[in-house]
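Each of the two complexes below includes chain A, the first together with chain B, the second together with chain C.
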Partner chain A sequence: MELKEIKDKLKTFICKELLNNPAYPLQDEEPLITSGLMDSFSLAQIGVFAEIQFNVYIPDSDLTVDGMNTVNQMAARIKKDLPA
Partner chain B sequence: MSITSLVFAGFVLVVLCLYYLLPGKSQKLLLLAASAIFYISWDWRFAITLTLVIIFNFYIGRRLHKLRGQETAQSAGERPKKGKRLLWLGIAINLAALLFFKQSGFFLHGFQALLNRLGFPNQTSALAIILPVGMSFYILQAISYLVDTHQNQIPVELPFIDLALYLAYFPKVLSGPIERAGSFLPKLSERVVVDNQQITESITRILIGLVRKIVIADVLAARIPTNFFSSPAKFSSIELIFWWITYIISLYNDFAGYTSIVRGVSGLFGINLSPNFDNPFFSTSVTELWNHWHMSLSQWLRNYVYLPLTRFMLRFNQSGRFLPNIIVPALVTMVLSGLWHGESWNYVLWGALMGIWIAAERIRTVYRPAGENLANLPPWHAKRIFSWAGFLVVIFLIAIPFKFDIANSFVFWRSLVTNWFLPPSLLGWRLPLIAFIPAFFIDWIQFGKHDELIFIRWKPIVQSVLLALCVLIIFLALHAEPAQQFIYQGF
Partner chain C sequence: MSLLGKAHTLVDVIKYHVEKHPDAPAYTYLAEGEKAETQWTYIELDQHARAVAAELQKVTKPGDRAVLLYPSGLEFIATFLGCMYAGVIAVPSVLPHLKRATPRLKAILADAGAKVACTTNEVYANIEPFIASEPELSSLQWIRNQAIPLEQSKQFKPYALDENAICFLQYTSGSTSAPKGVMISHFNLIRTIEDIVIGLKEDEHDVIITWLPIFHDMGLIMAVLSPLFTGFPCYIMSPVSFLERPARWLEAITKYGGTITAAPNFAYGLCVRKVSEEEKSRLDLHTLRVAINAAEPVRAETIEEFTQTFKERGFKYNAFVPAYGLAEATVKASTKDLSKDPAILTLNTTDLEEHKISFANGSEQNQYRIVGCGVSHIGADIRIVNPDTQNVCAKDEVGEIWIKSDSIAQGYWNQPKATQDTFQAYTANTHEGPFMRTGDLGFIYDGEVYIGGRIKDMIIIQGRNFYPQDIELTVEKSHEALRPSCCAAFAVTMGGVERLAIVQEIRREYRNGEKFDEVLNAIRSAIAKDHGLRAYAVALIRPGSIQKTTSGKIQRHASREAFMNGELEIIAEWRAPLAAPDQHQTG
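Presenting the complex of A and B:
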């Protein structure tokens, strides 16, 4: 799966489920948690979304604000462990 | 050996001298030996428990590491399967050990009450089991080590000395910070260069810690009326507010002071410990408060209880708006936090109230109107005014059972409402008010610049005056009040 496809799916999920605004123009480098757009507890939902959508398990220790603050960071993390 | 004693200061100096005389490989051995001496100075029997915990977790960790290595064709993105039963067994035994020492008091009170009802005399002293100092903290770290090993966060098999140091390292063994295994272990090998800057920062932390503990916390604690927590009905509403705020400020400076001292001591060895406090009283929500108060415990609970439980529940219902997905993890996490703090029902109540409030904040976030995001909240001052109201609810409602037993918690709340017309005596209120000044000063200055060590960025003449003042007030405070045990050593 290409990085762009991962990002598109992430953005759709984040805007609809976490921001409650499917039309929000979310940018790839936009800080999601440090800006206050969503809180750090939403990372648990991101973790489960990655398991179900991409079959990638991200350990709880990697669900941090530093490592998962932007769509780019999330997509890169998912891509790293994506099954071949 | 209290960390505010001259004996401890001498101990650290001796260890430091030996540390920098020895070659690199021997330094870990020296730290371990020093940690053993420090811990045994509290009670040699405690050292037996700690040693057994280290040996047990070393064995389990080794087995977990071998099982992870055996998982063939294991994709990095899959949930670890092998070793799960062993991991749960390791966690269960660690918790059982902690529960045995901690919660024996919990059931002991009930058992003793039953004995009394049946006509038997008090046997409490004969049945009492003493909680080894620091056990609440090193058990959590042991669990962190096992989980991180299972999840491959600790990629290499750990030498025994590293695990022993991780659990027993003397600056943090008594009351943390609760260091994450994956973060702390590399620090043992990749130590920070101890240059002039590191020394200055370390000594500054020690000094700030001593002011917090000796000048603020101990002075305030000694002024709280002895019957305040047992007979709140005897106090007017104004007194209840004043002495409760005094206790909160004392508690905060006691623990923040401890953390500052141990971080400073450890920094002299080139091992930087994690912060535990970040000006928590400037938080705008309880959720934010727990990101700034006892941060190492909050992060442990987040990583090993809240997140796993939330993910577990989300796998059954993926909606973040499903109320059980919001309420249950928050409630369970905070009740466990309560039980960790103490072995009585008031701590359970405290945890439950905290959990309910955090869940309520989360529900407000999740159910906010479409299009509104947290970044569009009112300006800073309006946000703070609203949050002050919530802050008062937290301080005078939710936090009360942390210190008052359940019956007296309700007495406190009732008296707060009904005792406005009791004449306040506020005997001995002047010194606490004076102690509030440095308490407020330190946090206000640090928060204003978002810099814990802002004081060493000031002009040298100002630093010199401040240093002299600190030494003077520490000396005066020590002369006025005997040193008291750190509050969190009791947890």
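Presenting the complex of A and C:
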């Protein structure tokens, strides 16, 4: 799967489910948690979404504010564990 | 001169510091965990608190409740103290997050009968769009700190506080559907602060660094109010600043010469894993003499690893202060005696599960290391009592921890029955009391309290408390294929860390279905959404197979045992790709 496709799926999920605003123009590099847009508890939802959607289990040690603050970071972490 | 034994309320305390050193720094907020954004001296703190108090006096009378909805920052402190000045009962609450449903906040507002909500402009702007549609929110009088001119402090009319009056309600007890507000009196608060000050040998040369949530007992009393009592500087950053880059916590200790800090066990482990060599090379932790470890089980391995990692930067093992407390005891029950190293016992787990204390004989298989949580410094009477017979336990027995002390709260707000059950316990064989029942299991060895688990089924993950019934309700509602009231949520221990497991019955008409993946996904997504938590395992079991008491109550312990022993009648299951749970359970 291309990085772009992962990012698009993540963005759709985040805007719809976490921000309650499907039309939100979320940017790849936009800080989500440190900006207060999402709270750190929402990371659990990102984790479960990655498991269900991409079959990638992100361990707790990676599911952190510093490692999952932007769509780019999330997508790169998911891509790492996807079959090539 | 020390204020110990002299102050009746924190209002006396502030008055003393304003007279003694008005321009000394009291609180500093570190924006983004690094920049010193706002600093208040004692006189500024007093002015801000008076201004809020004057605003409260316009719309409340003493004894009314005001809910406090704040992010980390100095505004919260001004309002908390302002409530005290005006004799209004403060109700600190978790900040309702933008767009997140807030059933717990609504339940708290209703239970406390709050008349006023205090917050910042920023939070208000976030909440405003949905205030009108929520009757619980629209019926409140809203106060925003930034809208209060500081000159208004002159209009504050001093109010004579009774030290036995309720100072604030701490809502940490009870499930989401039935929250319980612990009633803390001014006397309770002063006595628990004295307990902390004496136990930690605090003096005016200390410096405290905290990132703990400011609305919880540990962050509020231990980290923010105890320095106010003694009169030393407190540096505050937000929990998010810490979580984003844990090294910020240790950098602040380095930069400001921090002598005291406090955090749950997981945070020390996070530093071991997340602080890079480069960040580490810039740290200097030699000033740190007290590192409180509390609010979740203290692990011997964590304090050893932290010491191993940071000793080259001046951290001393002896600085670790394991502690035990709960909101019902205002905050502190015990802290380590500072003259000693942390006490670690190696016990035989087979005997421990039988609630007997015996030391392990050295075989690796069945031993468990348990860390002592210290002693009371205000002479609390701490007993170990059999929770079923209510007889005082023998020395080598594990039982429920019962406490009688000046810091034991006045009970639960508007809950006479729950108050009676928890706060008015008498030992059956020796007829002593009244004691407060903690619901925690433990024992006393060599004068120190050891915590060995819980009687209540509460689940604690990363310092957050979850009531199983709240999670079970989320699970049941997540998919139509699930049988209502046939779910057990419990914690399993993995590598010493607690994780969530779910056992849920499937409805008869769905048991041969093919949608099990969809059902498992729905459960996992719903738990993450409602509780910010990932389940480690979800097991769907045959209808009618979950263990219940004769009266139909779910037996969580029995479900956990069946889960651990592979005895469930599983139809479909999901497990995280992790190692198997530890055999010994501290619960």
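One rule holds for everything that comes next: the second predicted complex is superposed on the first by the 83 of 84 C-alpha atoms of A that agree within 3 Å, B and C clash if a C-alpha of one lies under 4 Å from a C-alpha of the other, contacts with A are read in each partner's own complex, and residues count from 1 in each chain.
To be clear about the criterion, a contact is a pair of C-beta atoms (placed from the backbone, for glycine too) under 8 Å apart; a residue touches a chain by one contact, two chains touch by 3 or more.
Please read these numbers as outputs of a predicted model, since none were measured by experiment.
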item	value
Touched partner set for A:Asp66, first chain B, second chain C, both or neither	second
Chain B versus chain C as contact partner of A:Ser42, first or second or both or neither	both
First, second, both or neither for A:Leu82, with chain B first and chain C second	first
First, second, both or neither for A:Asp28, with chain B first and chain C second	neither
Touched partner set for A:Tyr57, first chain B, second chain C, both or neither	both
First (chain B), second (chain C), both or neither touched by A:Asn20	both
Overlap of the chain B and chain C footprints on chain A, listed as residue numbers	17-20, 36-37, 39-45, 47-49, 51-52, 57, 59-61, 63
Residue ranges of chain A in contact with chain C within the complex	17-20, 33-34, 36-37, 39-45, 47-49, 51-52, 57, 59-61, 63-66, 69
For the chain B and chain A complex, residues of the former touching the latter	75-79, 148, 151-153, 180, 182, 287, 302-304, 306-308, 310-311, 314-315, 318-320, 362, 365-366, 368-371, 373-375, 377
Parts of chain C lying in touch with chain A, wherever the complex brings them together	32, 97-100, 239-240, 243-245, 273-274, 521, 524-525, 527-529, 531-534, 576-578
Chain B-facing residues of chain A, complex	17-21, 24, 35-45, 47-49, 51-52, 55-61, 63, 80-83
